[in-house]
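Labels A, B, C, D, E and F are assigned to the chains in the order they are written; within every chain, residues are numbered from 1.
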Amino acid sequence: MFSVSVRDHFMIAHSFNGKVFGPAQKLHGATYVVDVEFKRRELDPDGIVIDIGRATDCLREVLGGLNFRNLDDEPAFRGKNTTTEFLAFVIFERIAAKAAAGELGAHAGGLLGLRVSLHESHVAWAAYEGALPR
Amino acid sequence: MFSVSVRDHFMIAHSFNGKVFGPAQKLHGATYVVDVEFKRRELDPDGIVIDIGRATDCLREVLGGLNFRNLDDEPAFRGKNTTTEFLAFVIFERIAAKAAAGELGAHAGGLLGLRVSLHESHVAWAAYEGALPR
Amino acid sequence: MFSVSVRDHFMIAHSFNGKVFGPAQKLHGATYVVDVEFKRRELDPDGIVIDIGRATDCLREVLGGLNFRNLDDEPAFRGKNTTTEFLAFVIFERIAAKAAAGELGAHAGGLLGLRVSLHESHVAWAAYEGALPR
Amino acid sequence: MFSVSVRDHFMIAHSFNGKVFGPAQKLHGATYVVDVEFKRRELDPDGIVIDIGRATDCLREVLGGLNFRNLDDEPAFRGKNTTTEFLAFVIFERIAAKAAAGELGAHAGGLLGLRVSLHESHVAWAAYEGALPR
Amino acid sequence: MFSVSVRDHFMIAHSFNGKVFGPAQKLHGATYVVDVEFKRRELDPDGIVIDIGRATDCLREVLGGLNFRNLDDEPAFRGKNTTTEFLAFVIFERIAAKAAAGELGAHAGGLLGLRVSLHESHVAWAAYEGALPR
Amino acid sequence: MFSVSVRDHFMIAHSFNGKVFGPAQKLHGATYVVDVEFKRRELDPDGIVIDIGRATDCLREVLGGLNFRNLDDEPAFRGKNTTTEFLAFVIFERIAAKAAAGELGAHAGGLLGLRVSLHESHVAWAAYEGALPR
């Protein structure tokens, strides 16, 4: 199995509902450093898993829909706790949708899966991994 | 599959038995930076894999049972080489026991597995990965 | 010149005033990974720059006064942009005050300076460096 | 599952063929920081996955066959794009051949797989993972 | 003293002249991960050292003049060994020129110095540090 | 000012004397990841600060005199606490001696200073910085 990974980041405010979150129930924020791993059984005729330029652009676009926001105000997340693991899934879904729409290039049809990791600090991170196509 | 990971460290002395270890047969020591990845199929009703505060406390307690010791003197490791990979397994077992005892919280019953990684330097690390419950 | 450094982090929400900040004028947030370097000409009689346990506790206390907050609501920062560089200075001042109050231990009188670095992402960080005593 | 990982690096020049590569069609170069993860179901009688000294030497030898070269001039890669993911596979194959030849030690027969990761920058990396024996 | 730092990277081919370089006399290449630290005595009225967006753009432009090239073919470097430390100086000079030309914004006149660091691998890096204005 | 830095590591056992050290008074150990920064005003005629191969060899030799030992048994450290900051100074002195003995090459006479940093974990490190020649 081959994979290619790219990294970018976004910065948001949010708060959580539920006693389990302790002081994180208050409005606070986070920088998330995001790694996306694109997986494929065989290389394409160019010798690549994916056009890394398109992969980078795709990740930037998806993170652009989250960056510099208060996630408590986002209709898409109403009634949800925007935890690190939840946001990993959100980003997975949005990249998967772009892959299905052909935005990652013709050969991206060969992608078998994605792993999205969000680092919230030097001592904590979370991930969602799933198969493609959705 | 979702996962959440936390990081902590411990510092020990030890020596190894066996020609394969060369100069590491002498008493020396190591800092181990430890990552524990908790895995789960679905998020719980709070939108989390695990209570990250409890996960952090659990890891600190387990490492507290190893930290600032000469592992050659520990009865639990008599006759064993406390290699990086062996210690990854020890930490896996001790966290798995705490999960089974309910110390990770009610929802931790949904945990499917753990991956424990120990970094011994900037150029070498080891891991043990196994399913839960044991 | 000797130095000892310790690392911790905090997570906040805030917004900035001024065209120069572009989309960061909206409420967003950040994880700041904070490094504090304590400097001293000579080691003390125990062979240390500072009691690293006290240094770690001191940093945790100072960051506890910032963590899990919306900095826009903090009276101490009224009329200020809580930029990364500004927060480095705030943390410098608060640690310097604790050092002056003797909270870093008797030998901390020998400290010549501090450098406080805040990493806001994998591609941007800021620092403030100053002499002690204030 | 147990694993042990070691890290080294190599520095090469190369160019790519194909419109998808944009400016990387010109002669340029890269530092690749290489991680090799050796996997095994159970520890051997010494308590290890692999002799880490031999693993390190093996990786150095394999990278020595690539280091300080213009890969466009290497007969082994004629007609191929030496992308990061392709080079991960090349290194996998060369280490697997050494394992099969007994160069990793007697117990290395227990190895179940390898994962080879190449970091080309702080924001991009690639990997190949496969089972042993080939 | 305040500072703000940003990171980016570039990938080039080159070779060195001189016995001291050993196998690096052959055509090879490198990824350089570049950190630029901008220094200033006091914060400007917005509470910043520099407009971080302009700093990032400035670094990208300067690295764009080096990226995806064979430095042996660059007239600017004729008769020079493009070592890591030499390239740190080149990047310093080019950013300093942009600062002098006003491309870093009006307040950038307050900059007192720059430190440019180039990481060529996980075990080697180099830097040039100098005062502004040139 | 120019600088070149190289990284290596060593692994030791030791214990400390003094109440300030708490549980670290017991025999334990550490991995130290060591960075040495070599400083020089101008580049030499080859365009370098120092022969990086010699610098790397020099660091490996110095660390070889410490690696895989119980520092409590070393005559050189009798009556001393081998703290991280103390060891940074020891390594500085040993490299400075090699520089003075010409082991870093003819041009190393131009070196103005060294900074030696020892990382004992992901959250703590220490350094000693001094001028050359001693």
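The working rule: contacts are C-beta pairs under 8 Å (C-beta built on N, C-alpha and C of every residue); 3 or more make two chains touch, one makes a residue touch a chain.
Note that the coordinates shown come from a computational prediction; the quantities given were computed from them, not determined experimentally.
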Superposing rotation of chain C relative to chain F, computed on C-alpha atoms, to nearest 5°: 120
Same vs different contact residues, chain C with chain E, by half of numbers used: different
Furthest chain, CA centroid comparison against chain F: A
Distance from chain E to chain D - Cα centre to Cα centre, in angstrom: 30
Averaged-CA centre spacing for the pair chain F and chain A, given as whole angstrom: 41
Multi-chain contact residues (two or more partners), chain F: 7, 122-123
Residue ranges of chain F in contact with chain C within the complex: 16, 18, 20-22, 80-86, 88-89, 122-130
Interfacial residue positions of chain E with respect to chain C in the complex: 1-8, 37, 43, 46-49, 51-53, 56, 105
Complex contact set, residues of chain C against chain A: 7, 9, 11-14, 23-24, 26-33, 67-70, 120-123
